[in-house]
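Chain nomenclature is as follows: A, B and C, assigned in order of appearance, with residue numbering initiated at 1 for each chain independently.
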């Protein structure tokens, strides 16, 4: 593969991490002499966002139009109609994100571009490519081939590739400024809404920091909250913690509480009783912090730290805050 | 309002020890328990709630073998009015794109104001069928929907974005939505309820009935193909992170980033 | 479906209630819950539309201990009014998520925790227990129970019982992965159809095995098999009855001293509902070294632990102190070292109460078979507490 295009994902005037993850992978795949192209669709006022991208792409195609301020699939598709011809590449990458999932399958169907989704790795073999994707809740991996075509399209799982240490190249920006045309009234963006604080629904959370009796006292709950905030997650608990009213009953995980399935579940001072496990065993990644190496929670956790949570949590919170700036 | 819900029957694999079969392209399914795809259960409930508020009909469609009647019957017991099963040996090997073609061929001739699919399937999880289907039917759509309000022929929907953020959009009917879990609380379907609809006829349609040729569907009509399945490397029990407190925290941060633990 | 044709009060004869209130007087949860069983009986009889109950969470506070049914001078079963209301809620699908999960689990996997079917017999892996389906007819079938099969804490009870049966020279087998939930709790959560399905599944295997006696770990299974399964020819016994019989017949005796001051907690489904009070006590007293004291509230007056009637999956209004905590505090006052019980749910709720009251250093909760196993010189391994 010589040329790979990456669709830049940005929201509320911030370029999202997935963009850099895809750029990094694209560099690796094209190798020396290849070309990494960034596709940027946005409002002219968002041009400043390009500063973060240009150093990591050989070419940036920036379509700037007031119609493209927010991600809207109909407008994005209309813009694609105008730029696809100019983009000479064998592979297009988008994120398997709320943005990419709302766009990529339609683009693939509309232009009949061979496509597969939610890819966790991409292998180049004999000039062709194989996509690795996960099936059956991550228990099995599948190697998937794509039909022949001038272009192919993959959506990439967030976090599958590192966002750091991406090669720096001198990018050239190619601006397109014609108006994006069409009737977009069939679907209209209205606004962004922050999830209301207070009514936290742990069953919908992607990241859960869960505390058990090891937290010792209601006064210590804030250390878990601080970690959860830093991670962008929510706090949940085992039943004894809810019983003691240190956290509301709605936060209880387990057979007599809620069943949760987050991407990441961090169990702090939870022994891992059967009734608790039943509510969280299907979490994507389970990380347990417990000072007892024999605690049953380590039997189902993917990663464990055998140590005092009152030492681990502050250290971790600080590190997380550090990388978030 | 005439609502169509696409539902898939999937194996439950969270508790199971999976075995890759001789072809290396599929898993052995004999010992697996099947049920309605979790997302589709929410989609059926969403349809019923809309029907309860607005009137109309609900038709559920599933592509697959006779066993799929189980999930169709369950949806009927839950409150759907009609069920259709699409089945043909030619459909085998279809990817999300070919699956969308099959569904589109069936739906295009049926009255529809709203089509609901799940965001993704529990088993192969392409998360693509709904949006591809919308494109083929030429309908406006929204993926990852967590709230639906209807006023006249306009829907106001919420989409779930990353990091606790939601997006509000309006859509003109007819439209397609892919439904995210948690949008509602799907009602329980009792065994008695299922027994009550046990005798209801479920029509089955094949490729010819839908005007599809062998080249439209199955492996021929797909954009992707599974070459090989393999197990990702896994360790028994937790991998214990060692080192100084600083190193432990450092390692944890790395894991969190890889596993989507930092929003 | 026939049952649905008669109205709830007709079916249960609720019109004959004299509103004496003896049911509420004996109801263990009435002191802490808005549940007033006398009023439920009354309202069920006079209300046109029973949907008013759907929003009342306290309907799920009832532990189905059946004290009300024992005390009713008119011979009514007020508890069945509660179950009848739950049946209506189940029919309309309007039940809490935790209950839905338990019912779905029992439907798909044959156990309310939704654990894999093929892991049901994992607890017995190294024990070389016979497959009952390959035994000659007329033998002993051990019906294990979902909790004892899957919950590591209760697995120790099943293992201990196996030890005790072996010591008594009993030839016994289990259904292994073919056993499914007895359905007792399922029925009490209001899912009659599913109860029947599970019953049919177990009956199919019972017929194949054709045992003389079925021995159960749980009083809940015992009650269902004995009193609710249709067409079961075999004798059904709780382990306490069976083990006491072995002792009486001098096939089993305990020789290892277990010096321990204990009390015994009567499981509702064993005592109140099936009148089995003496056998567990007799077994207990035949273990050398045991010093036995009765709870103030014991036998027919025993306090319910709140583990039954679906309460493992649904806490109801969850107000006030847990009864199991009261039980633990009473036991502490009596100065005993351990509460012995003979039911998986009692074991779990009481042990949980020991934790939540912060008394782990002072008192233990032990199943009767774990104690018996100690009397044989075998220390049970309790995995949930590694």
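General remarks:
Note that in this section contacts are C-beta pairs under 8 Å (C-beta built on N, C-alpha and C of every residue); 3 or more make two chains touch, one makes a residue touch a chain.
None of these values were measured; they are calculated from a predicted model.
Under the stated contact rule, the graph of chain-to-chain touches is complete, every pair of chains being in contact. Among the chains present, the centre nearest to the common Cα mean is that of B.
Rounded to whole angstrom, the centroid-to-centroid distance between subunit A and subunit C, based on C-alpha atoms, equals 46 Å. A straight line joining the Cα centres of subunit B and subunit C is 39 Å long. Remark: subunit A and subunit B have CA centroids separated by 21 Å (rounded to whole angstrom).
Touching of two or more other chains is recorded for no residue of subunit A. Residues of subunit C in contact with two or more other chains: 97, 114. In the complex of the two chains, the subunit A residues touching subunit C come out as 213, 239-240, 243-244, 249, 255-259, 273-275, 278, 294-296. Subunit C makes touch with subunit A in their complex at residues 97-98, 101-102, 113-114, 150-153, 311-315, 318, 348, 352, 355-356, 383-384, 386. Across the interface of their complex, subunit A is touched by residues 11, 13-14, 18, 20, 27, 95-97, 100, 119, 122-132, 134-136, 140-144, 156, 158-172, 175, 181-182, 222-232, 237-241, 245-246, 248-250, 252-253, 255-263 of subunit B. Those residues of subunit C that touch subunit B in the complex are listed here as 1, 90-95, 97, 99-100, 103-104, 107-109, 114-119, 191-194, 196-197. Remark: subunit A residues 11, 16, 72-74, 96-99, 101-106, 108-110, 113-118, 130-131, 134-147, 158-159, 162, 185-195, 201, 203-204, 206-207, 231-233, 263-264, 266, 281-282, 284-288, 293, 298-307, 311-312, 315-316, 318-320, 323-324 touch subunit B in the complex.
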